[in-house]
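Note that chain A is present in both complexes that follow, paired respectively with chain B and with chain C.
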Partner chain A sequence: MSSVSLARSTRARRKGTQVKRWLFGLLGLVIVALVWEGYKLLGPADGFVIAGTRVLPRTSDLAMPHVWDMFSRLFEPVTSAATARPLWLEVAIAATLTLGIAAVGWLVGLVVGIGFALIMQRWKPAEWSILPWIILSQTIPLIAFAPVVRSWGSRIEIGAFEWEDWMSVALIASYLAFFPIAVGALKGLHSPDRLHIELMRTYASGWWQTLVKLRLPAAVPYLLPALRLAAASAVVGAIVAEVSTGLQGGIGRLLITYAGQASGDPAKAWAPIFGAIVLGLVAAGSVALLGLILRKYRRSEVTA
Partner chain B sequence: MIEKAPTRPADAVTVTGVDKVFSTGKGEVRALDGIDMTVSAGEFVSLIGPSGCGKSTLLRLIADLDEPTVGEIRVFGKAARRARVDQDYGIAFQQAALLPWRTVEDNIALPLELHKVGAAERRARVAELIELVGLGDFGEKYPDQLSGGMQQRVAIARALAEKPNLLLMDEPFGALDEMTREYLQTELLRISAETRAAVVFVTHSIPEAVYLSDRVVVMSPRPGRIDGIVPMQLGSPSSRSDDIREDAAYFEMITAVREVLHGGAPIPKGVETR
Partner chain C sequence: MKHSTRRIAAIGAAGLSAALILSACTGTGGETDGNGDGELTEVKLQLQWLPQGQFAGYFAAQDQGYFEDEGLSVEIIPSGGDIVPQDALANGDVDYAIAWVPKVLGSIEAGANVTNIAQIFQRSGTLQVSWADSGIDSVADFEGRKIGSWGFGNEWEIFAAMAEEGLDSSTVEIITQDFNMNAFLSGDIDAAQAMTYNEYAQLLESVNPDTGEQYTEDDFNVISYEDTVGAMLQDAIWADTERLENDEEYQDTTVAFLKAVIKGWIFAAENPEDASAITLAAGSNWGPSHELWMVNETNKLIWPAENGIGFIDEEAFNRTVEAALSAVNETGARLITEEPPATAWTNEYIERAHQELEGEGLDLTGEGFSPIQVTLEEGGN
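Let's look at the complex of A and B:
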């Protein structure tokens, strides 16, 4: 087989694998829907209760709306008012706001996380003294300090700059996002072989040159999964922070509002949940795109 | 009264009374003991000996990747550190140590880039080097697309990028198969003749050392010291070709190196040696 036709068949096979992966992804969704409907059809009306605790939900339409009801509800107006937008649009608008806030949080987390990683890589004692605090920081529950951040933020006013509520939400999102980035980047910056470090030394390169030409590119394969994790964390952080700071207009607010209306309109409460899922997928997908741009840094090293 | 001869700047490397002691958890390990050695400009010198004899350590000291405990190392009359900063040597290791995210061209260009050589000049030099190591069509490839021998050739080209007068090589062909190895040895002879660089070459293969060198430095372990320096009477390395591998003089030199390696005693026939 010539190398050209070999390359072509490899490409075709890769394309086939791509299609298969999408099909399996869809199959997963279908299975979840089937399990949902199957339980709803066959499960006991009062759910399963063990020792006074309900371990599986009631199968009523109130607790578990039909999959198709949840789906079709998306295309109906939000309220009965004549000017009401369709539900999916309302959710999408809220999701866009949350995505924007999460993106700001992600960016702040990126800067702070890489900053910490650089400091820790540069000075070993810094690693010993900072890393435990970074890990400890993640054990504080978000809802504990979200209101604190908000009330502190509301007191900040520097000249024309005024702290707005969405900034508190972004800050809290960044608090979750910086952690995987700091840890992943630190591991990545430490990842080059001794041989490569010594090679840079023979070139009489300083810390900065070694960082730019060796450590940062070598860190990319460690950084990408960390960035994806951080994107998902930023979305979760933004939604939770919206709820606990009471920010209007985001998907966190919709979750609370629609849950309150669930007794009359059970399918509606699920719309922002789907919105949050799509939000997470979009966030993680954007990082995957970043990985595509940086793909030359993900080449595996082959030793002679 | 005889005056001590001053270090001639013509010498590529002078090693004077060098000891190297590593302190480990279990105490001190004397890796090198009283090493004296000179490599003239343009000379090809191999360091050979069993593992643990300190030949790689000695190379690392010359490269200023480590410092001698006692003694002095001068490279072209300068302190080793100065020579490293001035980029007086190029180095190649047993692993090619190419950066996987850079193409062949960009890998070779790395030292030039680090030392702010202009883009046009860089391109010209890289093209020249790719030609020199015979990788004409592979400039755009990434290291993972090359064989081990090709990767090692890229590493050699990179070591030569700044036209150093000294090439330090630490078992550069150690991980390659025998055919590729012999081929690259002949290539290296041609390259070192073309560049006129002095070479310090660490190896544990006697035939390799004999084939390549002007002189072979034989070392023994615990503590690492020089047992003897054997001049190769095979004509200058640049005039050698593969034919010499079947020459009687070549086998005589192999025997000579083996005898020093085994403590001067003639080796009984039929005994397997490294």
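Let's look at the complex of A and C:
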């Protein structure tokens, strides 16, 4: 076999694997739909109740609308108003706004998280004093935190800059996102072998050079899972903060308003849930893209 | 290794520009500063929930330019799950807030310094809804049944009405309701809490799986708290007590604000369809028939207003206080333990607003008000 045809067949095989992967992904969706409909058809009308707690839902159309109803509802207008957009578009627009806010939160979390990690790596006492606070910060419940952030934000006005409501949401998202990044990055910065660090020292390189040439590249395998975790946290944080502060236009807002319409229009309430799922996938996918760019440094990945 | 540093820098730059683009995209929402006319006084109004027909009068005042006519530039701020209007007011985040009287009485006892300046809703819109064949015709029938409540300060009318019947929370099973009526429709709740303007409509928009048709009013038993001693005053406009006492500009702004709000609610009473459309345009997510129902039912809670819209009836206020004093919820907590201070309410500003509007030929008492008939579509759509 010539080298050309070998390369061609490898490419074809790789393409085949790609197709297979998508097929399996689709198959997964179909199985979920089948399980849903199967349970709805065969499950007890009142669900399963163990010791007064319902562990499996009722099978009524109210609790579990048909898969096709939920799907076809997506392509109907949101309401009967003349200006109403199709439901999927309304959800997509809302999801885009939330994604934007989550992305800003994620980026702020990235800067703050890496900043903390650098400070803690540079000065050992800083690590001792800051790290407990970073961990403690995550124990504050969001519902206590959200009104405070909005209240403070509403008072910020510097020149032409005025704090807007979406910034409160982004700040809360970043508050959740910075944590895994700070912890992951710190672990990554500490990861190079003593051997390599000492080698750098024999080259008479300073902290900065060691950081740029050794520690940062070594931190990448630790950082990538942390970034993925942070992306998921930022999305969840953004959605919860939207609900909590009542921000208009995002997916969190649609979740509660459509939940209020679930008695008369049960299928509608599921649309923003699907939107939130797609949103999470897109966020995680974007980080995977980042991993592709940094693939040179991904020798082995370590879970954060 | 040199090029890798550059690459990292490039990624950083790409990330930064992405952030800037995103912030530019998202930064366009909700700008409401009164540019152009520098003389408008900036006012922030905190609602107690998302934009909906319950607040149609404020959106109408905004849309029809009544606020601007009074020299105000008003930002109407919707609330979310965790924003408490009277707290936002007491913190100085906003200038006025819409909230139910009993909830604020609790906040006042906890130290909030706020004053009721206009009792927009003259009567209570809370219902307890059960199935027509459930045998629950009055509060006394609650005993031993599963009673739905939203909690979070929305439950006090239930407990006050029960207290009058000699019932307390241990004699019923209190079940927390969420955003919709599914728990009631599925039978988890025997009698569910419902507002005339919202959740009751949600029931009438739902399809009866047995008939394939929407439920009708005949399917339900309705207990209105307005007919019980548990009735409490609901949507009122609250202002900052201290600023009312010391800040003359705020006093004038308050009167101007109330004048515009009055005109807004009169507009909603006379043009419910338009008010509903305005509310939808202001960001409400309900379907048009539900929104119109909401505006119409809200109008019924406001009009007629014997002493003029927003006037606080001392007797009704005292009844609310008495009911609040008597209520104990399922956790054994009391809403308030003593009478609120005299600063809790005042008719001074609403009376001034009435006087200033006198010559304008407005129907301030709603003498000529008559509600419309609204047909609810399936799902409220």
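Going forward, the second predicted complex is superposed on the first by the 278 of 304 C-alpha atoms of A that agree within 3 Å, B and C clash if a C-alpha of one lies under 4 Å from a C-alpha of the other, contacts with A are read in each partner's own complex, and residues count from 1 in each chain.
In the analysis below, a residue touches a chain if its C-beta (ideal position, glycine included) is under 8 Å from a C-beta of that chain, and two chains touch if they have at least 3 such contacts.
If you're wondering where the values come from, they're calculated on a predicted model, not measured in any experiment.
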Superposed partners chain B and chain C on chain A - clash or fit: fit
Geometry of the superposed three-chain model: angle at chain A (Cα centres of chain B and chain C, steps of 10 degrees): 150
Partner chain(s) touched by A:Ile101 [first = chain B, second = chain C, both, neither]: second
Chain B versus chain C as contact partner of A:Ile256, first or second or both or neither: second
Partner chain in contact with A:Lys213 - chain B first, chain C second, else both or neither: both
Which of chain B and chain C A:Lys296 touches, first, second, both or neither: both
First (chain B), second (chain C), both or neither touched by A:Ala204: first
Between chain B and chain C, more extensive residue contact with chain A: C
Which of chain B and chain C A:Leu195 touches, first, second, both or neither: first
Touched partner set for A:Trp68, first chain B, second chain C, both or neither: neither
Superposition-derived minimum Cα distance between chain C and chain B (Å): 5
Intersection of the chain A residues that touch chain B with those that touch chain C: 213, 217, 296
Residue ranges of chain A touching chain C (in the complex, touch as defined): 58, 60-63, 78-81, 97, 100-101, 103-104, 107, 110, 143, 146-147, 150-151, 154-155, 164-166, 212-213, 216-217, 242-249, 253-254, 256-265, 268-269, 290, 293-294, 296
Chain B-touching residues of chain A, taken from the complex the two chains share: 193, 195-196, 198-205, 209, 213-214, 217, 220, 296-304
Residue numbers on chain B that touch chain A, as the complex places them: 63-65, 84-85, 87, 89, 91, 93-97, 99-101, 110-111, 113-115, 142-144, 148-149, 151-152, 175-176
Chain A contact footprint on chain C (complex, rising order): 1, 4-5, 7-8, 11, 15-16, 18-19, 22-23, 25-27, 29-30, 49-51, 77-84, 87-88, 91-94, 178-182, 185-186, 198, 202-203, 205-207, 209, 280, 283, 285-290, 377-381
